[in-house]
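Each of the two complexes below includes chain A, the first together with chain B, the second together with chain C.
The block that comes next holds the complex of A and B.
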């Protein structure tokens, strides 16, 4: 097992350093594509981190992403870059604690409804504040962050989110969450504080999303609330994670990569049919791939193994 | 102030009607329908087409829109949703599945409307003459819409509480398993109720089109408000819908006129949060979950 782990670590390190070379080798177009791929990979994996084990359908991705991006828009020039990132992360975490504590005690539907409107709510509040109090709507982001730097930061975030997911799965928290996902009543009776477990995970996932938003912000140079809080991000991340299969740490990547490429193609060539195709992918997931691509692979693996061990229920 | 309250009451009555359809779909058919607002907007476009194309009054247009919406929603339930109902092992599983499926449906409907009508805002002028009431001036179309809204909501309430079929629907809402024991065809009732909810939201769409501007993408707002009203009132509770809808409408109108029109959603959420924190089952709900 240790040898396997060592090989795995070596392979990961090799893969990461290979991917870190991309900014030196690729031209601007491929670098931009790489940034999109990494962005959605991190967002979808972070989404799966929380929603995979708990099975809560979260539509709050945009809210956290936007908080991160807008924090950079406001503070980007006033503070050094690492401090800006830290402030963004803290704001995202604080928001996640508030949302989590008020909705995660309840059944999943309330959470869906609440997160459904959360991004729009925050956008309205930001617009209201900017118009009435600070009197600026729309801000320029002039920070010394190049495309290559964005790419490396996202790569680091991707590595961090996978490491986090791997660690969580092996911790008490991960074990507790698997039980909650199977049956929340049982989990409560085992003495698990389900609310704290769910909120903790939600905060971790939300902080990563906020950081992605903050890291991506310099790409726009001009940010206004409707750019930062673009609701589409929530939906795209949701179907990427579900298409890949959110119940495995590696699942969301399998959805994020092909769908990012597909969306890139669609928005360039067929902007009008974009929403229709997004809707069709939703239906495909629900009717054909309820456990995602990962589920498909798992099923194939199961049938190829002749002797199936079934534990008594 | 009086004007704000009157506007709020009218808006609230409309919200209540919209939410009644959703509470039927969610409370009885157990489908959390996120494509709800899109159906409303589709009906609004239908009424607009009938009015501009054939000069048909929206209230006469209801006679077309309601049956069409009923049949379409029945088809949606039979084709798209009943496989999910059969597949789902628990209620939670059905909830997640129906959320995702109707989400997809919402995007498809929205995409179709976008490609047909573009992103522009639509409206038409019908009964736009002023009426004086309680010393305030109100557009006649709003009053007429409110009257039809009360008529529809009231007759639905009576049908649900006074007739045999209505009682069967309420029985399924309370306990689908036990309803079968008293010879109620749950699957049929669920399909019928889903279609009824769809017809109701379509009629609300027609009414709203007479006095509000709408675009292909404005359905989400209505879905959101309907969801909030349903949860606030207590799932499956008609009276709760009415009270919560009026509460939402009035507080929205008050905040819009006294503080800032840009904060209406914040008001919705504040109310929603208070209900979630204080009484998660809703104002009139039973504390079962």
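The block that comes next holds the complex of A and C.
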């Protein structure tokens, strides 16, 4: 067991250092693609961190992403970069606590609609504030952060989100969330404070999303609310996580990588019909792969190793 | 001279849904090691009373004292941590998890003083206790109906509760399963576990309950030693009808 763990750690370290070399080896195009891949990998994994075990479908990804990006747009030139990131993380976490406490009592479709509305609400609030108080419509982001630096920060975030997910899955919190996902009523009668468990994980997931937004902000030199709070991000992340399989930590990345590449291809070649194709892909995934790529792999394994399985009574 | 503290003492418990008073001024007491039957026709308020005791519903009025501590209106997770656990009318196990994890669910979030126990050993003991010995790795969704009930019971027993609420735990079992089910619950009493049993199966009520409380229309209409309560004229009329003799 320990030998396996050591091998795994060694391979991970080797893989990470290899990926860290990309900015030295690749040209600008490949580096940009690498940034996209990492961005969606982190976002989808963070999404799965909360929505996988609890089965709450959130469309608030872009709300947190946008808060991160806007924090950089406002404070980027005033404060040192690490401080900006820390402020963004705190704002994202605070927002998540507020949203979590007020909405995680909602269930099913009400939660989905609320989170979708939340992103729109925050966007409108930012627009209102910018127009009426700060009298600007967009903001320029001039911070000394290069593309390579963005890439490395995202790589670090990716490593962090996987480590975090691994630790949570082995913790009491992770077990509690799996029980909540199975049957929330049972969970609460087992002595689990379901609200605290759900809000805690929601905050962790949202903080990571906020940091992605903050890290990505310098990539655009100009930011306005419609860019930072783009609802498309929420949907893309959702599709990726579902394609991969949100019930496993490694699931979302299996959806994020192929779909990022596909979206890249589609938006380059079919810029006008992109959203239609996106919708069709969503339908196909939900119908054909309800448990994602991970579910497909698990089924393969089960059929190749025949297990005596009885149908539930 | 002080009487021993009842495990559960309910007074004036009331809960209405709109105009319907589902539980109306209910009072009852359970002593340590006792099995109390909670009987009544369908819709008489038994399950609502159970939901009020376990925190699934908040009472409109009344007190519920568990070991002297008022738990009325507390959320279910706090009541569970104070030592009251339950099973559900429609059996609820965690289908995607194995038997070991199902029992652990009841064990690790329950009472704080259990934090130090050897979880694997205690889980094995509990599964053994309910007749699922050695089934740790079996997925809950693969179990038969009665085994699902056994598993749910093991989860409820896990935190060593002061009081166990069983909501029609014996319903839907075939005759031979019923015999083993009754034996299992009797063995729990022999271990000194205090139980409230909501039950329609009269054979089980006669075999297990020391005392019974009978509800009808949300009110308590009779209370006392099982044999005499079941013979009570008001009870026979309200609930048992003509089948009392042959049940």
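Quick note on the criterion: the second predicted complex is superposed on the first by the 306 of 313 C-alpha atoms of A that agree within 3 Å, B and C clash if a C-alpha of one lies under 4 Å from a C-alpha of the other, contacts with A are read in each partner's own complex, and residues count from 1 in each chain.
Keep in mind that, in the parts below, a contact is a pair of C-beta atoms (placed from the backbone, for glycine too) under 8 Å apart; a residue touches a chain by one contact, two chains touch by 3 or more.
None of the values given here were measured: they were computed from a predicted structure.
Look at chain A after the overlay: chain B and chain C fit there side by side. When the two complexes are overlaid on their common chain A, residue A:19 makes contact with neither chain B nor chain C. More residues of chain A lie in contact with B than with the other chain of the pair chain B and chain C.
Contacts of A:227 after superposition: neither chain B nor chain C is touched. When the two complexes are overlaid on their common chain A, residue A:281 makes contact with chain B while staying clear of chain C. Contacts of A:176 after superposition: chain C is touched, whereas chain B is not reached.
Look at A:192: by the touch rule set out above, it reaches chain C but stays clear of chain B. Our summary of the superposed model lists a minimum C-alpha distance of 9 Å between chain B and chain C. Across the complex, chain A meets chain B through its residues 55, 57, 102-103, 105-110, 112-114, 116-117, 120-121, 124-125, 127-128, 131-132, 231, 235, 242, 272-283, 285-287, 290. Residue ranges of chain C in contact with chain A, taken from their complex: 54-56, 75-77, 80-81, 85-86, 88, 92-97, 101, 104-106, 108-111, 141-145, 148, 155, 159.
Against chain C, in their complex, chain A makes its touches with residues 172, 175-176, 178-179, 182-183, 185-194, 309-310, 312-313.
Within the complex formed with chain A, the residues of chain B that make contact are 32, 34, 80, 83-84, 92, 95-97, 99-101, 103-112, 114-115, 220, 223-224, 227-228, 231, 260, 262-266, 268-269, 272-273, 276-277, 280, 289.
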